[in-house]
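You will see two complexes here that share chain A, one where it goes with chain B and one where it goes with chain C.
Coming up: the complex of A and B.
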């Protein structure tokens, strides 16, 4: 009986801990967006790229970067903290193969206050490039880039602590395309 | 009473079929993928063509990924390969991709998938943990050829494959062909 009471007295703490852990997990997962809505574009696209690298695989990939090489060491440092890299990219023969609704299916998940759009972002790519960050306290816990050109649509979702400067270094690695995004003043734009 | 018995039998059959399909999915996905390609594209897999063997012997089996050192990726004796040579792979690749993903999603993680309608090329890399190592299934389909490779990789070599999945996939295919000799 005593042990039962003891167990019961500990329950609230255990439940609280569970709730905190769950909340933290959910928070981290919040930065992962759903991109499956875009899959139908594959039938119209010339080229389709779909990358899904979860935390476990990222940690593995991090091991391959050479600490002795300055660039690789930097990439490794960035990659170690990440929880996921997800990319969908479609290249089309003709204009207007994707619709505003396709982009809205992504944008609708990137609403304030969880997400903020960064303005004054420049990219070597033509068309419209939108960058969104998800803030978990003082730290960024996710980033989404939507690059919408007339014949190309790319969405990159990085889950974990990353910013634009870091993204630039990750481009061309682990399935992240060359977006040519230059870090600018990180102003927030009201949606 | 008869109804109860027949319901019981139905449930037992359903459970058995679920267990069998789950075991099948986990145990022999390589053959499932090969069969799926055969059924979807109405093609037949075959042995390794002599010319391919000869050509690869000259080139060498090892992979050079992103300018890195030349090395083998797969653990010794772990590779399975099925090839399809000079057959027509006409069909809706979006449907194929959908079928492939839905059959693999329970036990494998889709790592990288690239599809080119222009070249008629499809590349799929699936991965799952296997003890302290990893199993990968690489599917490559071109307009006239295809290959399915399954191999066990060390974490380090999986990381290498992830760095350049396309080259890594080709390297595994080469290794598999030479291992079949």
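Coming up: the complex of A and C.
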């Protein structure tokens, strides 16, 4: 009888834990946006990059990262908690191959309060760049980057806890030439 | 006839009663010690249970003894582990062949006394060698053989991260904007 009462007294705790886990999972899944409607641009594009990596594939890839290699170890740390990475990038030969509706269909999914726009740069000459983040408490739950240039459209969606600083630092470490952008603090130190 | 005789044989006896007494007198109770028949057949039920219990106990004792003996005999071999354990992971596989006694080469050239020494020296490292081999197996995890799927996932992951990092930096650069000459001058003044 006592054990039954004990079990019953623990039930609310177990249920609330289950609910929290479910809520967190749902929240993480919310950070994934639909990009399938951009697929029609592939036929017009000169070059297309389409990446769909779910959590299982991320874990699979993380296993073969070499921990002794500093760069790979950093990348492993960055991706190990992620739930998914989805990228669609199209490079066109001519201007205006994609429409504003294509971008709006992405933007419409990134509404407050789930999403907040971190950066929005509009330039007629260089194109637009928007960065959205989904916050779950103090942590970033998801990231969306929309880069719309005259001959290029790129949408990046990262689902899960992302460290923006670490992600930004990856440029130059993965065989990409560094663009020479340094944080203000670092610049001051160098001066 | 008086009834006194019937009660305590004090009165005048009745001849009929005396006759009856004589007839039944042979059947009178005569107190005597119990005589047991000398040839008594006693049927003993033979019970094998105690014997079986004793036999089982003996078998178990012997088995336990053998088990303990075999374990106890193994203990000194593994006992080396306590001494050598910390150094084992640093032992390179190249060291192991040097530890091995070169019985073929030394047997031809060395004297019997030297042989004894060499064999005595060889016995000690042999146990270490066994230990090293065993411990290496325990310490070193089998290397993960990357599957095609994992390699593909890693490649996709790297591509996605490259693009994400590149676009994030692009957004950062555009958000910061080109530094005006006045700002630089002001910075110099302050610094």
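Convention: the second predicted complex is superposed on the first by the 138 of 191 C-alpha atoms of A that agree within 3 Å, B and C clash if a C-alpha of one lies under 4 Å from a C-alpha of the other, contacts with A are read in each partner's own complex, and residues count from 1 in each chain.
Note that in this section a contact is a pair of C-beta atoms (placed from the backbone, for glycine too) under 8 Å apart; a residue touches a chain by one contact, two chains touch by 3 or more.
Because the structure is a prediction, the values reported are computed rather than measured.
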Applying the document's definition of touch, where does A:64 land relative to chain B and chain C: first, second, both, or neither?
both
Of the two partners chain B and chain C, more of chain A gets touched by chain C
Request  = Once the structures are superposed on A, label A:45 by its partner contacts, choosing first (chain B), second (chain C), both or neither.
outcome  = first
Checklist entry - Thinking of the overlay built on chain A, is A:119 touched by chain B (first), by chain C (second), by both, or by neither? => result second
* Asked: Which of the two partners, first being chain B and second being chain C, lies in contact with A:53: first, second, both, or neither?
  -> both
- Partner chain(s) touched by A:99 [first = chain B, second = chain C, both, neither]: neither
Review point. Touching A:34 in the superposition: chain B (first), chain C (second), both, neither?
Key: neither
Worksheet entry | Touched partner set for A:139, first chain B, second chain C, both or neither | neither
Where chain B and chain C land on the same part of chain A: residues 49, 51-53, 57, 60-61, 63-64, 174-175
Chain C contacts chain A in the complex at 144, 146-147, 149-151, 153-154, 156-176, 187, 191
In the complex, chain B touches chain A at residues 92-94, 97, 109-118, 127, 129, 155-156, 158-160, 162-163, 165
Listed in rising order, the residues of chain A that touch chain B in the complex are 42-43, 45-54, 56-57, 60-64, 173-175
Residue set of chain A touching chain C in the complex reads 49, 51-53, 57-58, 60-61, 63-65, 75, 78-79, 85-87, 89, 119, 121, 123, 126, 129-131, 143, 145, 147, 154, 156, 158, 164, 167-171, 174-176, 179, 181, 191
